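Here is the structure we will look at.
In this document, chain identifiers A, B and C correspond to the written order of the chains, with residue numbering beginning at 1 in each.
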Amino acid sequence: MIQEKIREKAKELLEKKVVDVIIGFGEGTLPLRATPLFVRSPDEADCLIWNSFCENNLSTYLHKLTQFKVGLVVKGCDSRSIIALSLEKRFKPDQLFLIGVPCQRMVDRRRVKKAVKGEILRAHEQGDQIIVEGEDFKTSLKKDDFLYPSCQLCIHRNPAQANILVGDPVEESPLLEIDPEVKDFESKSVEERWTFFEKESSRCIRCYACREACPMCYCAECFVDSSHPKWVEKGLSPSDLEFYHIVRAYHQTGRCSGCGACERACPMEIRLTYLTRKLNLDVKELYDFEAGCDGELPPPLSTFKTEDKQEFIK
Amino acid sequence: MANGLEKNWEPKILAFLCNWCSYAGADLAGTSRVQYPPTIRVIRVPCSGRINPLFILKALQNGIDGVLVSGCHPGDCHYISGNYVGRRKSATLKRFLKYLGFEEGRVQFSWVSAAEGIKFSQVVDEITQSIKKLGPAERFVKRSFEFGVNSSERKS
Amino acid sequence: MKLKLDKKDFQPFLQNLMDEYDLFAPIRLADGVFAYKKIDQPEEVDLSASNTQKPAKEVFFPQSETMFRYERAGKEARITSTEGVERKRVILGARPCDIQAVCLIDQVFSGKEYTDVYYANKRDATTVIGMACNHPLSTCFCTSMKGGPFAREGSDLFLIDLGEAYLVELLTEKGTAFSQNEFLKKAGPNDLNLAKEIEEKASKKTDASMPVEGIDKKLDQMVENPFWEKVQEKCLGCRVCTYLCPTCHCFDIVDEALTNKGQRVRNWDSCLSTLYSLETSGHNPRPTNRERSRQRIMHKFNYFPKNFDQIACVGCGRCILYCPAGFDIRQTIKEIQKG
C-alpha cells in the first residue's frame, strides 16, 4: 500500500517537474537490505520500494544535491533530521518535497543474521514475521523481536513535517520520563562506564562511516582533518579513538534526531547511539529542547536563557 | 584510581580564566598575598564563552590531572552574554564526561569576579583537593609516544 | 606432504607454535566482529568467521605503524627505528582471497623497483598458514578473480577443516619445516577423501561468472562517461570499502610531535576522502565523489592491471557486505562491461 503510494507520488512529482530527483529506496542485492535509490524519470519510479529494511537516513544525501529540487522519502527520524538541518539553513525553503512515511520500525539485520546458523540467502516480510531462508533452513522470526535499538525506543515514528503522508499515522510509544537505555548505563559504576567506552572505541578503524552516514555531519573541514590546530591524530592510538568518538557525539548536542544511522553504518558494530541518547536527554532536561521537533526554536547551544541551570558552577 | 602514585605527586591543573573577571580575581589573590596551592597553570582567555570543549578534552588527553574553567558571574560578562553561551556548553559537557566514565571532579567550573581574590584561592584549593583524592589522570591519556603504535600488535 | 591436526590438539599446537613464533590469527573483537591480531593466549584464536572484517594485509601493513621514534635530550637526538622484526612470525587462518591479496600488494611494497622495509621485513619473517573456505558466502566471487575457496597460492601451509581435525598440507620450504611437528600426524585416505569432497562442494558455491575479462580496455574508453555520475549517487564516501579491502594499500605518513619527542607514523588512507588529493594550492583534482569513486574503480580494474598485470580485486565481497549504502561492485562491473 505505502509502496504504491510512494511510486504514484514519485511519478507525479517527476512528471510535473516539481522535483529534479526523488531519493527513496530500491531493492538491494543483499537480503534484509534495501538500498538508496535515485529516481530521475517517471518510468523509473516503479523501482521504488518500501519495507522494514529501509534503514538509511536519506537526508544525508542532501548535501550533495544543493543545486537540485529534491523529493525525499522520509521516516519519522529522517524528517526530524531535515528540520534540524533547516534550522542550520542547509537548504532553501522550496528546495525539498518530503514524502512522509509513518515508520513501521526497521529490522536489525545483524541481529537477524546472528539468530540463525548459516548464511541468509533470501528474506521477506510476511505480516509481523520475517521469513529468512538459507541453503538448508527456513525460519520465521517475529519482527518486533529484531528491531534496531533506536527503533525500539523511538517516540517519533510519524514524520513531523512532510508535504504528504503516504500512510495512516501510527500510534506513538508513550513518552518516558527518562530514556531507559541511558538510565541503564548510568546505573553502572564510573569504572564500568569507562571500560565499556574504551572497549567499544578500541574496535574503531577510523573509516568515518558514522560521520558520513549522519545527516548532521556536513562540515567542509571536520575537526579530525584540522591540522592547525591538530586536535586528534589520524592513527589508531586508543586515546585518539576515544577522542574522535567523544567529540563526534558531542558535536551532535541538540542536533541529533536519534535515527541510529551511525551505528548501522559502522562495520565494526560499535555502540554509538548510547552516547547521543544521553546528549539528547540532557538537552531536553536542561533546555526543554528536542532536535527536529520545532522548526522555529533555535538550536540550544546557539542561544541561552539567563535562568539556565548552573548548580554545577562554584 | 590512584595507580602509580609517586611519593611527591602534585596535581597539574589547567585553569582557563576569563580576562576580565577571573584572571583579574586571580591577580588580586596574588597581590593580596593570599596563599593557594601552586597546582594551576593559567591560560587567559577573553571570555569563558571562548572555551571550546575540545580544549578541555585535548588537555585531558595530554595528561593534565584537572581542568578549571572560570568566568564572570551571570550578568557581568564583558561581552554581555559570552558567559551564558559558555554555561550551556559547560553544562552539557560536564554531564557527558561523567556519563562517559571520567571521574567526577576532574573538570570544574566557577564564577569568580575581579574582586573575589579570596574566592579564587578557595576554588583552587577545592579543585586541588578533589584531584589529589582522584589521583593522577590515567584514563584517556595518550601513551603512544612511549611505546610507539602498531595496531596489529596492540591488543584490543 | 599432507598431515593431520586433531582439533583436540589445536590449543597445544598453538602454544607450541607461540614458543617459537609470534602468532597472528583472527580474534573475536565483539559478537560477529573479527580481525587479525598478535595472539597472547592460544584461547584467543577464533577461526569461526567466514572471513574477518579487517583483512589479513594488516599483519604486514598495519593500519597504524610507528616508523621511528625520536627524543631530544639537550643537544642530542635519539632515534629509535621500528623497522626490525624480532621474532619469526606465523599468520594462521588466512583465507585464500586475503592471501592472494597480500601477494598482489607484494608487488607494490616489495616489488621490482622499491622495497618498503617495514613491509618486507615482516613479510620475509612470516610463515603463512592459509585456511580453506568450506562454506563460501554468496557474496564471494573469488573464482572470477583467479582465486578460489581452496586456492593454495601464497600459503606455506594450508588447512582444511574436516570437522574433527584439520588436514594440513605442507606446500613450501617454510611449510616443510613443520614436517616433524609433534602434533601433526600422518593423514589417512579417509581424511584425504573427505577433504576432496569438501573442496568440490565449496568450489561450486562461489560466483565464477563475473565478467572481468578485458574490463581494463573497456574502462579506457569510459573516462568521461556519464555512467560515473550515476554510479556514485548513493555512495556516501565513507571509506569502509577501502579500509576493509584486502588489496587497497594507500597510506598517509604523519609526524606526531610533542616538544621534545615524537614519532613518525604511517596510517592507512583512502582515495575516497576529499582531502586525499587536495593540493597545497587548494586545488583538488578530484573535487567531488564522482571523480573519487571513478578513481577507485579505475585503480582496481584499469591502472593496477596496466602496472602489474593483475586486477586489484580478489572477490572477497567485504565491500558488498559492509557498505552502509548497499553499493555492489558486482553490479558496477556488469554495467561497465555492458557499455
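Keep this in mind: a residue touches a chain if its C-beta (ideal position, glycine included) is under 8 Å from a C-beta of that chain, and two chains touch if they have at least 3 such contacts.
Please read all numbers here as calculations on a predicted model, not as lab measurements.
Simply put, of A-C and B-C, more C-beta pairs touch at A-C.
Of all chains displayed, A has the C-alpha centre closest to the centre of the whole protein C-alpha set.
Chain centres here are Cα averages; for chain A and chain B they lie 35 Å apart.
Distance between chain centres (mean CA atoms), chain A to chain C: 31 Å.
One inter-chain figure worth recording: chain B and chain C are separated by 45 Å, centre to centre, where each centre is the mean of the chain's CA atoms. Touching of two or more other chains is recorded for residues 144, 149, 151, 154, 156 of chain B. For chain C, residues touching at least two other chains, in rising order: 29, 35, 63-64, 256, 265. Multi-chain contact residues of chain A, defined as those touching 2 or more other chains: 202-203, 235-237. Interface residues of chain B facing chain A in the complex, by the touch rule stated above, are 1, 53-54, 57-58, 61, 74-75, 81, 84-85, 87-96, 98-104, 108-111, 123, 126, 139-144, 149, 151, 154, 156. Note for the complex: chain C touches chain B at residues 24, 27, 29, 35-38, 40, 58-59, 62-66, 69, 80, 82, 256, 258, 261-263, 265.
By the touch criterion given at the top, residues 144-145, 148-156 of chain B touch chain C in their complex.
Note for the complex: chain C touches chain A at residues 29-33, 35, 50, 53-54, 63-64, 135, 137-139, 230, 233-234, 236-240, 243-244, 252, 254, 256, 265, 267, 270, 275, 288-289, 320-322, 324-328, 330-331.
For chain A in complex with chain C, the touching residues are 28-30, 33-38, 56, 60-61, 64, 110, 113-114, 118-119, 121, 202-203, 205-209, 211-213, 225, 233-237, 261, 264-265, 267-269.
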